[in-house]
Every structure is written in C-alpha cells, then in structure tokens.
Amino acid sequence: MNTGIPIEYFLVTATLMFFAGVYGFVTRKNLITMLMSVELMLNAVNINFLVFNRYLFPGQLEGHFFSLFVIAVAAAEAAVAIALIINIYRNFQSIDVEKTDEMKF
Amino acid sequence: MLGNQIIFIVFSAMIVIFSILTVTSRRILRAAVFLLFVLIATSALYFMLNYQFLAAVQLTLYAGGIVVLIIFSVLLTSHIDEKFESPALLKKVYGAIAAIFGSILVITTLLNHPFVASTDVPKDVNMDLIGKSLISWGEQGYALPFELISILLLAAMIAAIVVAKKIKTK
Amino acid sequence: MTNFSYTVLIPLIPLFVFLFVGLLGHKMKPIVSGLIGTCGLLIAAILSYFTAYQYFFNTEKIDGTYQKILAFNTIWLQFTEKLHVDLGVLIDPISVMMLIVVTTVSLMVHIYSIGYMKGEKGFARFYAFLSLFSFSMLGLVLATNIFQMYIFWELVGVSSFLLIGYYYEKPSAVSASKKAFIVTRFADLGFLIGILILSFNTGTFDFISLTNVNGAAILTGAGASFLGLSVMTWSLIFVFMGGAGKSAMFPLHIWLPDAMEGPTPVSALIHAATMVVAGVYLVARLFPVYAISAPDGLLVVAYVGSFSSLFAAVIACTQYDIKRVLAFSTMSQIGYMMVGLGVSKYGGEAGLGYMASMFHLFTHAMFKALLFLGAGAIIHAVHSNSMKDMGGLRKYLPITHITFLIACLTIAGVPFLSAFFSKDEILTAAFHHNMPIFIVQMFVAGLTAFYMFRLYFRIFWNKDTHYHHTPHEAPITMTFPLIFLAIASIFSGYIPFSQFVSSDGVPFHSELEWTVAIPSILVGLIGIGIAFVLYKKESASSQKIAISLKSFYVAIYNKFYFDEIYIFVTKKIIFNYISRPVAWFDRHIVDGFMNSIAWVTNAVSFRIKGFQSGQVQQYAFVFVSSAILLGIFFIYLYSI
Amino acid sequence: MDILSLFVIIPILTVIGIMITKDAKQTRVISAIGMGLQLILAAYLVYAYLSARQAGDLAEMLFRADYVWYANLNIHYAVGVDGISVAMIALTSIVVFAGIFASWQVEFLPKEFFISLILLSGGVFGFFISLDLFTMFLFYEVAVIPMYLLIGIWGSGPKEYAAMKLTLMLMGGSALLLVGLLGIYTNSAPDGGPLTFNILEIAKVNIPIEAQRMFFPMTFVGFGILGALFPFHTWSPDGHASAPTAVSMLHAGVLMKLGGYGAFRVAIFLLPEAAHELSWIFIILTSISVVYGAFGAIVQKDLKYINAYSSVSHCGLVLFAVLMMNKTAMDGAILQMISHGLMTALFFALIGMIYGRTHTRMINEMGGLMKVMPFLGVAYVIAGLASLGLPGLSGFVAEMTIFFGAFQHVDVFHRVVTIVAVSSIVITAVYILRVVGALLFGPIKNDHFLHLEDAKWFEKLSTVTLILAIAAIGIAPFWLSTMIGDSLQPIIDKLTVIIP
Amino acid sequence: MNLDSFLLMRHEMVLTIITLMVLIADLSFNEEKKIKVIWLATALFAINTIIGFLPNISGNLFGNMYKNTDLQWTMKNILNLGVLVVLLQSVEWLKSADNKYKISEFYLLVFSTLIGMQFMISSGSFLMLYLGLELATIPMAALAAYDRYRHHSAEAGIKLILSAAMSSAVLLLGITLIYGTTGSTYFDVVALKYANIPLQTLAFIFFFSGMAFKISLVPFHLWTADVYEGAPVNVTSYLSVISKGASAFILIIVLFTVFNSISMIWKPLLYIISVLTMTIGNLFAIRQQNMKRFLAFSSIAQAGFILLGIIGASSIGMTSVVYFVFVYIFSNLGAFGVVSVIYYKTQKENMDDYNGLYHTNPKLSLIMMLALFSLAGIPPVAGYFGKFFLFTAAASSGYYWLVFIAVLNATISLYYYLLVVKAMFINKSETPIAYFKTDVPAKIALSICVLGIFFIGFFSIIYQYLESISFGI
C-alpha cells in the first residue's frame, strides 16, 4: 500500500481505541464520560471502515460512506443521549450512573 | 515512506494514549479535551488514508459538534473543577478484564487473518463522486440511506426536544 | 336325558328376592319381606328336591356312572381364545347333594329367623342379605367351572361380611366382619393364584374337562416342577389355600370364632352348615385332579384338616361363649371332612374317604345347623352368649333341650344317629390309608364328645341360675326348624350315600367297619362320661383341672394367641412397618422431591437476582464479556 | 357434520348457553341439559357403533371424519372411534353427567364453575375422538388447564398449592409427551414422503428402532404422569384432596384415563418395538404403583387421600396391563379404566356429599353414618365393594381380565410381577373395609351428625347413574369386553409381527 | 422511481408521509386542538395499515439496498397491526394532563421508529440494517423517558440509550469486520464470501450480539427488565412486542440469507443462547411483583422460544417464527393492554393489586387470563399453536432435547402466569381494584387482541400463507 504502513497497525490502533472505550463505559461513573466512551468506540469502528476500504477494497467507497453515516448517527445519538442525561440530572440532581439504579432485580 | 510511518506512529500513539486518558482522567473537562485530541488524531489518520472529505467531517462534526455538545452538557451538569473519585477497584478490574481480553481476542484474530491488500486502482475520492453517490439510487448509490438518516436526524431532534423541553406551566 | 335347564332358577329366585327386598324392603312391613324371602327359598328348596329326585332316580347312568350334566351354560367373559368364563349350572351328585343341604338349611334358617329376628331394625335388610347369600351359595354349588366358583366364592364372602356386620353399630361386629372378609380375602388370593396357574397349565376353567380322568388336563397337566413339587401340585395347594380360608382351616381359621358376632341364624346357615364347607366342596370338586395329578397336594389337605380338627377341638374344650364352642366344633368337623378327602383315593372302594367326607358334610350340616339354631333359641331366652350365665335350662326350654340333646348325641358319634355313620366312614378311610391321622381323629372324636357335653350339661343342667326374667320357649317359627333338623340329624345317616356319591361317580357299597366303629363309640362315650362327671352338677373339679394345667389352659383359652399374632402382623407389621413408612416415603421423599424441584427453582431465582443489579455498567460488562466469551468459544474451542 | 365432532360441539354450545344464563338455577339446568344430551349421544354412539360392527363394518376406526387443518405440516382434524374410544366416551359422558348433578349446589360463581367443568369435559371428549396426535395433544391440554381454576377457586384446604402442583406436574408430563409426539411425527416417514400426525398412518410405518427407544419412554412417562405412574403420582393425592367434588370425579374418573388411553394408543401402538424392549422398566414401576398405592391408602385418614392413593393403585394396574401387551391384558386395561373411572367417580361424589354434610373428611371424626344417611352409606359400600373387586361389579371383571392376561406370559419375571399385582386385591380389601368400617359403621361419634339428611334427589340421580353403570359392566361384561377386544385386534396384529 | 417502486416500498413511504402530516398538524394546531392529533394520527395510521395490506409487489430497489418480498411485506403488516393496537391502547394515556404538550411527539417518535424497523426488515445491506436499527432505537429512548418527571421513566431512557449505543458499537465492530473480510456490506455479496474462518466468525458473533441485544436474548438482555419497568406501559408494550418482533424478523432473514454458510456456528450458538434465554428469563420472572417487570422477563423467555424456530434453519422454522411473533403480538399486547388500562385508572401495577380483580372487573381478568394462557402456550388459544410450530420446527431438525428444555421452560412459565391468574381469580383482597369502565379505544384494542388470540390458531390459512412465503437454508 502506498502509505507503507501495514494494515494491521491501523487495525490494532483502532481495536485498542475501541476497547479503551469499553473500559471507559464499564468504569466511568459519570454518564457523560460514558457517552464519551461510546464515541471512542464508534470512532474506532470508523477507522476500521476506512482502513479496510482504503487498503483492501479501494475500488469502491462502501466503507467510506458507512463511516460517514456512522458519524451522523453518532451525532444524533449524542444529542438524544445528552438530552436524556440532562433529564436525569433534573430528576436525580446527579449524573452518577450508579445512582440510577432504582429499578433492579 | 518513513515519514509516513513516523507520522502514523505519532498519531496512533496519540490515539491510544489519549483514548486511555479519556477514560481514566478524573476531571471531566480534561477527559473531554482528551477526547477532542483523539478525534483530531483520528482525522489526521483519515488524511493519511486520503479521505480528506471524511477527515473534514470528522473535524467539524465530531470534534467541532459532538465534543462541544458534550462540553456544554458537562458545564450544565457538573462543576468544571470537579474531580471524580476514582472508580471502585472491582469495577476497574472488570473493565480491564473486558478490555484486555477483548482486545487480545480481536487483535489475535485480526493478525491471524491473511489480509490481502488490493491492487485495484484506488478510486479518487473527490467531492463530486461523494455528492453523486449520495444522491444516486443504483448500485453503490446512497440516496436511500441518505434519506433515512435525515429521518433519523429529525426523529432524534424531536426525541431530544421531547425529553429536554420545559413545559410551560400556566 | 332329563332336561335340567330349569335348575338355573334355583339360584335366580333368591337373587330376585334379594333385589326386590333389598330395593323395596324399607317400604314394606317387616314380616312381608320375611315371608317373601322364605317363600322364595321354599320354591328353591322344592326345585332342589325335585332335581335330586330327577337326577338320582330318573336319569340314566351311563356305564353305571352318574353323569355330569351341564344344565345350562353361557359364556360370560372371554379372556383368551381358550380361557373363557362361563356361567352355568352343573348337575352332578355332589352339587345335587349340596343343593339339598343349602336349600334345606337355608329354608329352616329363613323360617327360624322370622321368629328370631322379630322386632330387629333392618329386618328386611336381613332377609335381603340372607337371599343374597343363598343365591351366592347356590351359584357356587352349581358352578360349572372354577372361575364361576371363584366369582360366587367372593359373593359368598361378601354376604358373610354383610351378615356378620349386621349389627353395624356394634364395633365388635364391625371388626369381626372386617376380619372375616380380609382373612378369607387373603385366602382367596391363594385361590386366585391357584386358578391362574391351573388355568394356564390346563387351558381351561371347566370342571368337566378338568376332572375328566382321561382328559388333557389330568394327563398332561403335571407340568414342570418348582421347588420339588410339580406346578400342578402348587396350583392345587394354592387353590386349597382358598378352600382353607373359607373353611376356617388352620391357620386361616381366626375369623370364624369372631364371626359369631353375627345373628345366630346367620351363624347356623353360613358359619356352620353351608359356606364354611365350601372349601371341602372345592376340594371335592377338583378331587380327581388332586388324587391323580397332585397326591402331594391331597396330603397337605389331609394334614391341614387333621391338625385343624385337633386344634379346634382342644380350644373348644375351654371356651365359655356357646357360639364360639360351636364355631370351634365346626372347624373341627370340617377338619374331619378334609381328612376324609385327604385320605381318599380316586375310584371305587378306595374312594371311601371322598364319599365319607361328603356324607359327613351332609349330616354335619343338619346337626350343626340344629345346634346353632338351638343355641339361638337359648340365647334368645337368656340374652347372653356365655354359658356362665346359663344352667338348668331344661325346665324352661323343653323342645330346645331335646333337640339340642339329639344334636349333641349325633355329633358325639353315638351309634345309629347320622354322624355315627359318616364319621365312622371317615375314620375307616383314615384307618386304611393313614394311620397317624386315624389316631389323631380318634382322639378328636373323644374330645368332641367331651366338649359338646360340657356345653350341654352347662346349659341345661348344672346349677340353677337365677334369671332376671324367666326364660320361655321360643315361638313355633323357631321350634319348627329345630324339630325338623333334629329329625334330619337322626335319620340322615340312613341314606345309602355311597349309592349316590362317589369319587368317580360309580356307586359302590359300603358297610360299617366295626373294628373302627367300636373304638370310636367307646371314645365318644368316655368323652361324654367325663363331661357328665365334671359338669352334670356344679362342681369345682373342672376348675381344678383348669388350674392344674395352668399356662397350657390359658394358652388354649386364648386360642393359642392366634388372634394376637394376627393383630401383631396386621397392626404392627402391615400398618406400622409397611403402610406408614410407605405413606411417609410418599409424602416426604417422592413428593418431597417434586416439591424440592419447585423449591430449588425458587431458590435459584432468588440467588441469581444480583445478576440484574440495576447498574448499566454491569450490564455492559456482561454484554461485552459474553460476546468475547462466545467469540473465544466458537473460534478456538468449538470445533465442528 | 359428523357425529363425533358433536361431542366437542355440544360442550362448546353448552358453555355458550351458560354464558347467557342469568342465575345459578338456569346455569345448572343448561349444564344438565347439555350433558344429558351428551349422554344420550354417547348412548346412541354405542348403539351405532355396535350396529355398524354387526353389519360387518370391519374398518379399524368408524365414523371417521378428516379435515385438513394445517396442510403443510400435514396436521388434520381427524376423528374416528373404535370400540375402545367408544367405551371411553361412554364412560366420560356418564361421569360428567353424574358430576353435574354432584355439583348441583355450587354456590360460589356457579356459572364459571360449570363453564370450566364443561370445557374440561370437552377436552376429554376431544381427546378420545382424535386420530391425529396434534389434536389429541391439543385436547389433552385443554382438559388439563381448567383444572387449575376449578381446584384453585372452588377447592378446599391447601387448594392453591394443590392446584399449582397438579397443573405443573401434568404440564411437566406433557413436556415429555410433546417431545415424544414430535419425535414420532418427525420419524413418521422413514422412507421419505410427508410426515404425518395421523395415528393410523403412523401405525402403518415402522419407525426406526433408535427413535423408538428414545421416544417411547418420553411418551409413556408423559402419559404415565397423568395416569399416576410411580413416582410421578404425587400430584394426585393433593390434587384430589383439594378439588371440589365434581372435579375429583372427573379427574380421577376420566382425566387419569387419558393417561392410560394415551399410553396405549400412542406409546404402545405406535412404538411397539421399543415398548417391547423397555416394558420391563415400566412394568416394575407400575407394579410398584399398584402395591405402593394400596399400602399408602391404608394409613390415610382423609377420605379423599385414601381414594387418591387407591386411584394410584388402580391406575397403576391400567398401565401395568397395557404394558403386558397381549390382548387379554389390554382388554383388561381398558375395562379397568372404565371400571375405575366409574367407581372412583362414585367414590368422590359420595365423599363430596358426605363432606357437604359433615364438613370433615377425616375418618376418625366420623362413624355410624350408615344410620343417618342409609342411601349414601349403601352407595359407599357398593363403591367400596366395586373397588375391592367384588364379582357382579365392574372392578372384578377388569382386574381378573388383567391378571389372566398378564399371566399368559410364560417367563418368571412377568409371572412374579403379576402375582405382586394380584396381591393388591387383599390390600385393597384392607383399606376399603377400614374406611367403610370407620366411616359408616360403629356408633355415631358426633351428635350433630344425628340431624344430617340423606341424599337429595340430584345426589341420588348422580349416584344411581354411576352405580347402574358399575353394575351393568359387572354383570354383563361380555359385550363391552368383546367390543374392546375386537378393537384391540389391530394392535395385537402389529405386536405379533414384532414379538415372536 | 415509478409507481411500482412506490408500491414496492409503500410501507415506509406512506408512513413517512403520515409522520410528516402529523408533524405539520402539530405545528398548525393551536394548543386546545392538539388533542385532535390523537384521532388524526390514529386514523392515518389505520389507513396506513390498510394500505399496507394491498397486494404486494416484490423486488429490489436502490441497487439491492432495499428488498421487498412477500415475506417482508407480511412482516411489516404484522408490525403495523401491532402498532395500531398499541396506538389504540395509548389514547387514554396521551389524554392525561401530563402529556398534554407532547401528544404529537409520541406519534412522531413511534412512527419514526416504525419506519426504522420497516427499513431494517427490508434492508439489503448492513448499512441499511444499521441505520434502521438506530432509527428504531434512538427515538425509542426518548419514548422510554416520556414520563420524564418520573424517576423510573428517566432512568429507563438513559439505560436504554447508553446500552443501545454500546451494543450498536459492538454491532458496528462486527459489521466492519464483515466488511473487512468480504469487501461489501451488501447482503448478496457478503453471503457469497462468508465462511467459517476465525475473523468472520468473530465478526458474526459481534454482529449477533448487537442483534441479540435488540431481541433481548440472555446474556445481552440485562437492560430489558429495567427499561420495560421504567418506561410508560404503552411504550413498554411497543418495545416488547414491535421492536422485538422486528429484530427477530431481520435476524432470521440475515441468518438465513447472509450467514447461511456458517450455520454450523450459529446453530450451536443459538442453542446455547436459547436455553439460557428461556431459563434465565423464567427464573427471573418467577419472583417479580411488578407487572411490567414481570412481563418483561416473560418476554425475554419468549424470545428464547423464537430461537427454536430459527435454529431448525428450515422454512417451517421461519414460518413458525413469523407466526409466533404474530401470535405473540396479540398475546403480549393483550396482557399489556390490561396492565395499562388498570395502571392509568388506578396507578397500580403490582401483582398484589390484582388480587380479586375477577370479582370487580371480570372482563379484564378474562382477557388477561386468555393473554397469559396464550403466552404460556395453552390450547386452544393461539399461543399454543405458535409454540407448537416452533417446537415442530426444532424437532424436525432433530433438536429434541432443546425442545424438551423449551417445553419444561414453558411449564415454568406457566407457573408464573398462573400466579397472575391466581391473583385475579383465587386470591381474596380487602381492597380490590374497584370496577371501572374501560375507554373505547382500549376496548377496541383489547377486542382485537382477543380475536387474534382466539382465532389465529384455528384458521390455518394464516400459517399456510406464511409457509408459502418462507424459506429455509
């Protein structure tokens, strides 16, 4: 490939990013930081799409467009999520995820 | 080529490090900033891959839009200088286990996969092509997803409004 | 050949009476139901006598043999190709003989009961049950096949149960009826198993083919051996078990004394004259099979009979309840009959025992019914069963006294009364074929004389007891049967029985063998003499003897503790050590297991509730790690 | 409209009729009319069946009707009857009819009670007429479920527990059963061709032996649970004890017969090789059932428990006989089903009537009832005698046929278990007499019993119907036995091919 | 674009149009009139449902990105029917004072999620699938948080959006790997290039996890109960029935068409998941007191049964899945309908509150009982047929033990359904829910459910039709 960098490098980076997101999602107490973790994961996925597209299937643009839509969806998702977070804040006066466990068992 | 590699290593290191910082930083605003760095580094990778349009989108929409939105909401809901307590150890362990085993699984599987780099002539990704693709409805046309995402955005807007709007009380 | 198909009416008439009185009895006056019952039986009796006349005198013998006539037969239930249960009427010498016995005694009891049961509640019920019994007994007697016999056998048992429990408000009567039923039921289990084996081996239930000396059943029926005895022998021993139960042979006798809780006419009819001899009749029915295919089985019959007669006679000497004395005497006499069969051989003169047994059955029915009915008259007058409450009754009850005396003399074997002949022939048969048994039976003859006269003297002589209200003689309805049966007891011995009944149907001539008769007379007289000395007057000597025998006497008085053993077995073993554990096991182990499934499900459900902690992050962790685990599993561990 | 479907339609119409009634009285009348019609129809069916046979109709099943239902799965609504089903239908209609009168005085939600009861009976009828495993199973479950409500709402004692236990255990049984049926279905065309649920079609093919080995136990146990197979019988005592009168009648009288009937019609008929191979296991279990149930009954104090255990014993005998796989024993099995159905229904009816008066079912609290209520007492004695196998009543015929059938096997194993089973007749006598003695005879223990009334007209009607049926079978078993025996022939033919 | 194309994708088009019409109406009505949106939207949707049933044209559009066959047409119609019932049930709730200012939003959100589901069902590429999925999910979170001043509702919303976001990230990871190994996101192309190689298996498992999340299969189900409990009743019924049904539909299509070459992977996978789902769902359902939570767990268990149909990978299997979902819609909506009616009249949603309900509200109790029996699979109601066919499908592929486990689980489920029946019919209560009149739309909705529950099973034509349009591997 013309960049001279093996595809695996990109993929590993993306994977690490993805699982950093997973880690964040599982550990962060703040709802907003959880949302940020999700953004990390989506971003990692996007890298994958583009890398695959560029390295393996440069003849078409499916990965490219896919990641474009993913970005759009991520934005929409973020908007709604933030609205909900604010709603939670209004209800609970906190955005600590551990406190939103009124329903369980 | 070497330059490329150095640039790649710098950016990918940035991505990985700032990702980790994003999910571990105990100050929320810093986390948001680290996220911003990650997104910017990502867009740099897109440039490297010759996807300029997407890199731009990444910068404007992600870095510019979402992160700003996040920071706003942080401001709405938290004190800026608030420092979180470190998450419970058990949680960290769980998170680490999930993350480590997950990445090991995915990475080993990826590395074991014989990716065959294509020798096709790469398509030139120019705005013209992107624009036409987005409104064409044949093979490799994205008119339908494009319409669908518009509905999605509309719906998301309504959703956000429904949840967040204050009701006028008479 | 004469047409005997009308004989089917003989059992059916009582059945109709039963249904009629049973369903509508409570709507009629008591006496009406009694009369209907009696009339029904009268007709049956007349038909029976007519049948006897027809059979013995108006039917041709073939080769000098009384034929077995299938007067009526219908298939009732088909088991397999070969095995089918028929209902029908079999006419042969012994069934005709039994017809006479059953209808005669039954008729007498019916008449007697009109007086005896007067004023009892449930008079109609009593007659209904009597008719039911008569029906069943007649059905049994006329059975064409062993299964029909079993059917009526059971019906007889249930009638007996109902009649013993006639006074159902009396707990002792209830438990006696229960005991009678269960013990005989247990015996019937043996009978049934016997039938199962027998019918499987011979492929038939039918008496005619079973007892056909040249038939397949006897010729090929022996079958394989099991524990040293042939299958045929086993089956017949099992069958005999049923007979032993019904006939109160040791050790299945325990129900009979208790059965005296029933009204006395019932004891006379069922527990003395008819039903209890069903066992004898059963063995007699199958006699050729026993004699030819299973001589070992016949030996068992003989020994059981002999032991029972001794055992019962010994106990009878100590009892105070007059009906129980009679009950044990019945058991003892039936033992005689069994001995008679047991020592008999098949065919001709060798079949003397068979004939004698049947003969004794016949005479016994008469005098034992007489004894019981007499006892009934006494109880009716005294309102007590215990001979301690009696004494000097000869003045008050002349007719009863005379008839009772006749009966006692008969049973004691005093010459020229009926039992003298029949008993002597049994003894003769035993003398010829089995000496030990002969000696035992001789001794029993003496004992019999003793305890019967003990009874007689205690009741009619002895001290003059003071009675609350003067005993008076029974009404004519009760005395008439006494007189009738007394006459029968005296004269029935003169019937040339061997002319009519024999093991192979061929009449033969039998004479009194004085070598046997004289000792037996002597033994009888000795017995009477001792009783006379001890009980003619009130004296302490009987007490002294009792005391001198001490524990032995107590053991005898308590009937060798057999009731206790039975109670131990039933109450303790079955109830406490089988049923209770079974019930416990069922509730706690089997059911507990089922409940524990439910319990475990619930407990698990409670335990795992933490899985659903309400924490989104935990959910996410589970989500991701499950995906990863599945990935690892399906990529690296799972191979197709 | 074929005659058999009427058996399902009449209950449905009756239910609809009940729905529009206004008060309890009308409800009762409508139910009685409906079930009376059903009884008449059943009588007509018996007549029609016999005359068709007389006329030389040799078809395996008569009055067949077949409507394709789910064509692509080859599910049909297929009905047809042979002598066995006819007998079972007759039994059911008698018991249901008697049950309606036995529950004449239900005061709490009478409408719902009768609706559930009749729905249940509809399920049972449907089961017996079905020739298609699918509809058979459908009706089976239809019959089980109303039971929950019937026991739960109108029961007594720990009714909720009992109802739940009964329902769940039976449903657990149907879990096994369903798998078994599906297994039969999926193997019903080993040579290719369409799979089928039709019993007669399946009977024609030879299901591979491996499949048979797997599905025979499932099917048999599945039906066996309903037939109170040891050790899956424990729903029965609790269920019966808590159920209202008519439900106990129907359940013990009819529903438990579904087990025996199914075991015979499906498990044995369709999977004969495996049945032959594996029968010994179940023969042991059932012979345990027979003796164990009887022993269990001896020490019980509650009338219904006694009867429930006695049912375990008697139904054990049904399955025992079915497993003997010869004509006589199977004939006996069917007779025993009918006989037990009738007499246990009678028992439960009487227990219900007695309980309604004395408000106790504990035998040690009662005594001398014969004096106060002679009618019920006599009926109880008759039921008892039928139960302990008195000739002239139905139980005897059935048991004897079973014993003689079972004894036709020459090997020691079958002989020994037969004798074990035979010995139950004594134990039965023990507990029956114990109950009768304690309940009806002896002195009256409780003064207030002195003022109790004897049976009312509807109770008498209910009782007499059952007694007549019991006596009819006991006195004249031949026509029934022949009717059943002829219908057993196809099974026997099938078995003789397999079993040397 | 021509008329045929329009007819081809009329479900989505018409729905989009009426969504816009509602939006416009909302903007043009003044506040007093806004309540009329309810009738407008319901009527429009009813028309939409009818239009949906007009004869179908099969075909592909947008370069195979959009596919419509009779099967998909049927699935969409089933969903439409279900949504119609949900809308009818929601009328009373929307009229309440709390919702006065957000009536039309409810419709907009419901319609847009439905559009998402319909596109998802019709998708011919993973892109469309993903977008449809997101469209069906993101507004759903807002719906869950619709009673935003109730803590539970707010919590449900956030739990749904966060869990969904994460699951879709995992799903996306799967899709990228699929794309990376096959070079396409189009189903037809992917199907040709799929094989049992590690990376593709991994890709499939990630993809499946995301889908399993939507259908709430154990262990991806954990959000379900909380969200179902917290969300408003009608939203819960929408979620538990329509959303789940749609996901099940697309899952079976994808498995049968795209991943058919690795059925040896997903069959055992589904086996495990199915057993887990049924068992865990049931175990949790046993001890629930809150009716919504109770039904949530029951619906998780039901999802396990759905897999039984898929696992056979035969056309019978697909038929039975579609059929089961069809039946399930009526059964579950019947149950939820009663719960919602009672909740909005009395604010009670605990099982104990239902004690003695039969004596005060017999009709509701009967409907509830029917619905629960249908869920439990008790004949003669439709649920029995649904379950039976699922079992038949699994059994005809030889999964006898799975069927056995499933039937045992059905027995456990019967236990807890009977608990509710017991509460209504048997338990006594000092203070039963007083008699009340159910409003007309809810009555209509419940009647539709009852009719469905009663008659679907008897009329084999439905099953026959589904069979004719189904396919197996």
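Going by the order they are written in, the chains are A, B, C, D and E; count residues from 1 in each one.
Note that in this section a residue touches a chain if its C-beta (ideal position, glycine included) is under 8 Å from a C-beta of that chain, and two chains touch if they have at least 3 such contacts.
What you see is a predicted model, and the numbers here were worked out from it, not measured in a lab.
Trainee: Quick one: how many steps at least from chain B to chain D, stepping chain to touching chain?
Mentor: 2
Trainee: Measuring from the mean of all protein Cα atoms shown, which chain centre lies nearest?
Mentor: D
Trainee: From the centre of chain C, which chain's CA centre is farthest?
Mentor: Result for max centroid distance from chain C is chain B.
Trainee: Looking at A-E and C-E, which pair shares more C-beta contacts?
Mentor: A-E is joined by more C-beta pairs in contact.
Trainee: So, what's the distance in Å between the C-alpha centres of chain D and chain A?
Mentor: 65
Trainee: Could you tell me the distance, in whole angstrom, between the mean C-alpha positions of chain A and chain B?
Mentor: Those two chain centres are 5 Å apart.
Trainee: Based only on mean CA positions, could you tell me how far chain C sits from chain D in angstrom?
Mentor: Taking the mean C-alpha position of each chain, the two centres sit 36 Å apart.
Trainee: Report, in whole Å, the distance between the mean C-alpha point of chain B and the mean C-alpha point of chain C.
Mentor: 102
Trainee: Multi-chain contacts in chain B: which residues touch at least two other chains?
Mentor: Each of 91, 94-95, 98, 102, 105-106, 109-110, 115, 140, 142, 145, 149, 152, 155-156, 159-161, 163 in chain B touches at least two other chains.
Trainee: Pull out every residue in chain C that's touching 2 or more other chains.
Mentor: Those would be 609, 612, 614, 616-618, 620-621, 624, 631, 635.
Trainee: Please set out, as single numbers or ranges, the residues of chain D touching at least two other chains.
Mentor: Residue numbers touching two or more other chains: 168.
Trainee: Can you list every touching chain pair?
Mentor: A-B, A-C, A-E, B-C, B-E, C-D, C-E, D-E
Trainee: Which part of chain D faces chain E closely enough to touch in the complex?
Mentor: Listed in rising order, the residues are 69-73, 75, 134, 137-139, 141-142, 145, 148-149, 152-153, 159-160, 164, 167-168, 171-172, 174-176, 178-179, 182-183, 185-186, 195, 214, 218.
Trainee: Tell me, which parts of chain B touch chain C in their complex?
Mentor: 91, 94-95, 97-98, 101-102, 105, 109
Trainee: Touching residues of chain E toward chain B in the complex: what are they?
Mentor: Touch residues, chain E against chain B: 1, 16, 19, 61-66, 101-102, 105, 108-109, 112-113, 115-116, 119, 127-128, 131-132, 134-135, 138-139, 141-143, 145-146, 148, 157, 173, 180-181, 197-199, 202.
Trainee: Give the list of chain A residues in touch with chain C in this complex.
Mentor: That would be residues 22, 25-27, 34, 97-98, 100-105 of chain A.
Trainee: What part of chain C is in contact with chain B in the complex they form?
Mentor: Residues of chain C touching chain B: 617-618, 621, 624-625, 628, 631-632, 635.
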